[in-house]
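The two complexes that follow have subunit A in common; it is paired with subunit B in the first and with subunit C in the second.
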Partner chain A sequence: MNKLISDIRELLKKALDNKVIDALLLPVKVPAGDSYSWVILKDDKLLEKASPIPPVISVQGARAISSLTRRGKLDFKIATFMRPCEARATIELAKLAQADLDDVVLITFDCPGAIELKKYTEKPEEVEKEFSELMGNWESDVIRTICKMCDKFTCVDDGFATDLHIGLIGLNGKMAFIPRTEKGKKFLSGLGLKSEENLNDWEKKSRELIEKKRNKRKELQNKLKPQVVGLDALSKTFAKCINCRICRSVCPICYCRQCYFDSEKLKFTPDDYLIRAEKSGGIKFLPDTLLFHLGRMTHMALSCVSCGTCEDACPMDIKVAQIFSIVGDNVQKLFEYVPGRKLDEPLPLTVYKEEEFKELEV
Partner chain B sequence: MGKLLEFKRPVEEGLKELLKTLLEGGKLKAVFTLTKKDDAVFYTLIKDAKKLEETTPLLPLMPVNAGKLLSRLTLKESLEEPIAVVIRPCELHAFVELIKREQGSLENFLFISMTCGGVLPIDNIAKNELDTKLNKYFESIKNVKVPDEVRPACKMCQNFLPYNADMVVDFWDKDINKTCRIFVNDTGEKYLNGLGFELKNTNQGLDYEEEKFKNLLALKKENEKKILESYKIEEWGMDGLVKIFGKCVGCHSCSRVCPICYCNLCEFDSDQYEYAPSTYSTELEKRGGVRVPPNTILFHLGRLTHVSISCVGCGMCEDVCPVDIPVSIIFSGISKEVQGLFNYTPGKDIKEDLPLSTFKEEELNEFEE
Partner chain C sequence: MEDKIGIFLCECGPNIAEKVDFDKVKEAIKNLKSVKFIGQHKLLCSDDGKKYIVNAIKEHGLTRLVIAACSPKQHELTFMKVCEEAGLNPYLFQMANIREHCAWIIEDKKEATEKAIQYIKSAYRRVRYHEPLEKKEIEANPDVLVIGGGITGLEVSLALAQSNRKVYIVEKSSELGGKLKEFNKIFTSMRDAKSFVEDKIKLVEQEKQIEVLKESEVEEVLGYFGNFIVKVKTQSKESELKVGAIVVATGYELFDGDSLAHYGYGIDDVYTALEFERMVKTGKILTKKGEPPKSVAIIHCVGRKECGYCSGVCCMYSIKFARYIKEKMKDAEVIEFHRGLTLPDKNYEKFYKDTKALGVNYIYVKDLLIEGNTKPIIKYKTEEGQFEKQVDMVVLAQAMVPPKGIDKLAKTLRIAQDKSGFFIEEHPKLAPISTSKEGVFIAGCAQGPKNIKESIVQAGAVAGRILSSLVPGKKLEPEVRVSQISESLCIGCQTCIKVCNYGAIYFDEAKRVSRVNEVLCRGCGNCVASCPSSAIQLKHFTDREIHEEIVEATR
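Then we have the complex of A and B:
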């Protein structure tokens, strides 16, 4: 892994030096060495501290791109290096008008998964070591559960939109450059590099792995179902939620400045609360924990990329990401929609199709 | 505080009996208290006296600072009929601070609090060793020692006796399985009238002059000194701040769970603090690199400026931080200095104005010098 990271860093340095781009958006190790933060940089010294493939997702990359571009186009060209789930969320945010990708070269890579943020915070050095030994092992046990069940870690068969993908699977430490857009091709030729022509090994191995992970996903989702199917089970699962809303605030898709579920609409008089308490003898206070989670689900499930940032952050260890993955998969299937697949594919809820109307009537 | 109500039975049973009698006796419209069910702990609003059996009013866990919840309960209107709430001193103090910010109403509350031993970090709720930890916790209470198991903020808390409570459960130096002792003031006594409770006079005080509380206070001060010395906040400067807050992921959960941070939209989540592309461009030219999203340190310093005068040191912020930044230690350490400057104790006196909302001419002189 370390060799790979320094090779990528070398490439990115060249991109800066040759003025292929003006700046880079990359995870950089923070001064205390105990985490990574996204940094937009053009300074070589900062680039040395950057890690294009960090062991954790501290901040979801889509949030970083959105912070850079949600108020309009940048007046300089950048390239960024992201995990597939971060790139996919970025595409979704662009569709939601929360990011502008015109001047951004989105580079992705075959993702080995990420390690739990809490684990990293406790023992950064150990986790760094664990992660550095990960490359080449695409079915590792040390990664987060949501990563173990991820079937979109490589972009074989146009799995998701990216400008340039770097294939690693089945290539014995070699990188395969796979441009997917004109922007990607231009970036690559600016570096004097050619796109990989023989992708047979990568494709074969990738498809095998996807199949395995897809099965794993189904298996883990089935295991979780008893805890989430039906209102009683769901209430019990979310009973320990303390309403801190961290799942929402770290979610790349939940972009609203002010969440509906924290708005005046859901603030009531004492009588309203007492009437509800009267009905069942007593209520959890604040009530409506489940309403929040179900509501959030309704708002973002179609675009949920299963990045796991919510679950990583939850102080009560609720399996938020895994639960949301079940709903996300089902809703996305219903609309034949894959979040992050294509930038010009509209969000299903923003288009009207007459035949859908008929389905409802039947 | 006036009088003492004493039962020879486990403390929590005694308190629940009292609540039940008050509710069934028509003195209360409802009871607000903590409940533990399986691996979930949450506050409950109870109307049916039978439901009180499921509650755990004295369980040393704080899923939410209840001050925040009472504010939500009375934000739109004040209570028309009485509700008893069982909450910890820092929760009651936070509620009083919120009232001063017009975020609720004190009317018709019967405040029941306790001489607090602190709470365990919330991640203990789901852990198997909770019972063992609770046994150790109450053993320390009996021996008037600060329990090792509590939040760092609780270890150094010097406001563990409640201000403004009508009834106070005291369990220090007693066996919680044998005695239930509840101190009652005049308001509390009115609620008990006609219910057949026998109130005794007592010599024990409920302040820091009382021997056992004096000793505890000394232990807490020692803890505070040790903890703060290990951080040396005053020597940090910008480099120190960057080191401590560098790993912050910007989730702003510390603010979301803080009872004093009541704003609907935090200033630091507003568009005022977003960089326009041109700002990024200028900053990038100037510095060679810019953290994205920006303003991590500014957020924490800003929040500190906004809440430090009223920070009750409850430790919620630190409990929810996903990257274990010692937020509560930093905030209570600095808040104590700020509060000392204005000779202000949050939650102590509802009639005392917030220092920053009052103008005193002589304060201006201090600056001129």
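Then we have the complex of A and C:
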């Protein structure tokens, strides 16, 4: 792993030196050594502290890109290195004009998974060591549950189209450069590098792994279903939620300026609450806990990339990301939509298909 | 100021009174907050009933109104007018439908009464959150845009101009007259087509009220009935037209493309219908070698299977083609290969019989294929068996299909097309010349294959409809229940712009938020539903208003 990371740093330094890009957006270890922050940098010394493949997702990369480019194009070129789930969320945000990727080279890599934030902040050094042994072990037990059930950790078979993907699976520490867009090709040729021609080993091993992880995903989702199918089960599962809304704050896709659930629209008069209490025998305060999660599910289901930041952040250990993965998978399948697959694939909400009405015909 | 809410109950003769216990209703609502007046009347929509409401509003100083009566579809407008008459903003009123939704459908009086109470309470709860909306008036523009300068477009334009309407004709090609100009004669009169259409063109050109824009295409259409703004591109120059109605008379093309090869197109002396018309126009019918053909086959239904419909005119123009040939070469053998003749008009049967009497042979075929290297050979199957026939010339009678580029116009006008690409009428029987978009009409082959007569009839119908519904001096009241976008909540994703059917939303680049053009907005609510960040509210249908109504309805 350490060799790989220094190789990537070398590569990115070259990109700066050759002026292929003007700056980099990378996770850099914070001074206390117990987390990472996204930093825009061009300085060699900072680059030494940057980790293109950090063990944790602190701030979801899509949020970093969005806050940088939401108000319009950069007038300089940057490259960023991200986990596939972060890049896919970035693409979703770009579709909603919440990020502008014209001047951004989005680089992804075969992701070994990430470690739980809480575990990392307790013993960062131990976890770093654990994580560095991960590369090559694509089915580790150390990683987060949502990573164990992730089937989009590599881009084989048109999984997702970032500018450049770096294949690592089945290559024994070697990197395979797989450009997926014109921008990616240009970046690669600017470094004097060629795209990998022989991808057979990578493809074969990747497909095997995807198959395994997909089964794992189904297995874990099925295990979870009794806790979340139906209103009663859902109510029970979310009963311990303390309404801190942290899942919303860290979610890369939650793009609203002001959350509906914080708005005046959901502040009711006392008699309104009394009517509800009268109906169901009682009403919990703070109210609308389940409505909040259901609302977020409806909003996020199509674009949810199962990055797991919500679950990582939840102080009550609710399996938010795993629950969302069930809803997401089902809804996405319905519209044959894969969030973050391609920038020019429109959001289903904006697509009118006459035949969809037939599904509603009696 | 404290609200004074009035609730009016309508007996609707025996309609409601028999099924809803009004005493119980009054008992249930009398203690609702701010309710200052509860009224009851035999028939609120009658003159006496209306007076009763106006007087009560004035006498008690009512500030909001609930009327429990019939469906708002029937009398909402009536009661809104009553509010105005009493000086109350008409949007501070809500109707509860206790007739269709209660009295008429529930047998049990107790149950019907309970439901009526629930509906009235819902309306009461909603109306408390209503906001007054101000009506606006704008002048309707009586001018008309006609897209397409073929026979249909010319006919509509003339009819309108003769009633003193300003008409703009936008024609894609460099001349008026459309397809008809390429014909020699018109069936069944066998009148000269050129003079027929040129007479019309002359009239159009003389008409001061008609402005013709040739080599022009419609680029963008904004607005609605009475107030369209149309961007037209003439060669490379752009201009803007303001009209009140739009007529789509874009006509047709003949079935073309790769499938024609199946009918032998590409073999020497196999001609399309228009190629044949052009040949006839030269005055001579000759094969490629320059000899008069001894035998000519006319193939019906070319493209019918591929298109999935019968164009209804090919049989007749095929018979006309046989006439062309027989007129010039009495002794030439003419065979028409058809799949059942379509002759629906009172004059068509005679036209066919007269042609047959000239010695034209009609063969009903089940299947047909045209092959050959130097001369076309027709291989065909009839009920009697399989046959082959070599001829000197073949003419293909192609089906009518929508012109290329029509999809773009459909998008620009925001009107629907059917599977084959023709525009869809609002209703096949009841509204065959209007579209789903008010103020946009279709005439002639834009709607589907038609002959000249049918096209002209439709042209007249469209003109009549426009003259009667778009009257000069008429005022339009733009919808006041329009969308509102919150600048602070809008994330600038422009989803609303994609789903707006009226081009009523634009993007403010400086602030990076979407904004509503209130004149163009029709209040459909598409944008409200699709806004991912709940930044849009529809006036009079705000989340709050709907929520309050539902709270009570589901209590």
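Throughout what follows, the second predicted complex is superposed on the first by the 359 of 362 C-alpha atoms of A that agree within 3 Å, B and C clash if a C-alpha of one lies under 4 Å from a C-alpha of the other, contacts with A are read in each partner's own complex, and residues count from 1 in each chain.
In this section, a contact is a pair of C-beta atoms (placed from the backbone, for glycine too) under 8 Å apart; a residue touches a chain by one contact, two chains touch by 3 or more.
Quantities reported herein were computed from a predicted structural model and do not represent experimental measurements.
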Fit or clash - subunit C, subunit B, common subunit A: fit
Subunit B versus subunit C as contact partner of A:284, first or second or both or neither: first
Touching partner for A:107 - first (subunit B), second (subunit C), both, neither: neither
Subunit B or subunit C, by number of subunit A residues touched: B
Partner chain in contact with A:321 - subunit B first, subunit C second, else both or neither: neither
First (subunit B), second (subunit C), both or neither touched by A:71: both
Touching partner for A:249 - first (subunit B), second (subunit C), both, neither: first
First (subunit B), second (subunit C), both or neither touched by A:299: second
Touched partner set for A:260, first subunit B, second subunit C, both or neither: second
Subunit B versus subunit C as contact partner of A:59, first or second or both or neither: first
Where subunit B and subunit C come nearest after superposition, their Cα distance in Å: 9
Subunit B/subunit C common contact set on subunit A: 71-72, 257-258, 263, 278
Residues on subunit A engaged by subunit C in the complex (per definition of touch): 71-72, 96-98, 255-258, 260, 263, 265, 272, 275-276, 278-279, 299, 347, 349-350
Touch list for subunit A against partner subunit B, complex: 23, 25, 28, 30-32, 34-35, 37-43, 45-46, 58-59, 63-64, 67-76, 117-118, 121-122, 236, 239-240, 242-246, 249-250, 257-258, 262-264, 267-271, 273-274, 277-278, 281-286, 312-313, 315-317
Residue numbers on subunit C that touch subunit A, as the complex places them: 488-495, 498-499, 512, 530, 532-535, 543-544, 547-548, 551-552, 555
Subunit A-touching residues of subunit B, taken from the complex the two chains share: 29-30, 32, 35, 37-48, 50-51, 63-64, 69, 72-80, 122-123, 125-126, 239, 242-244, 246-247, 249-253, 256-257, 264-265, 269-271, 274-278, 280-281, 284, 288-294, 296, 319-320, 322-324
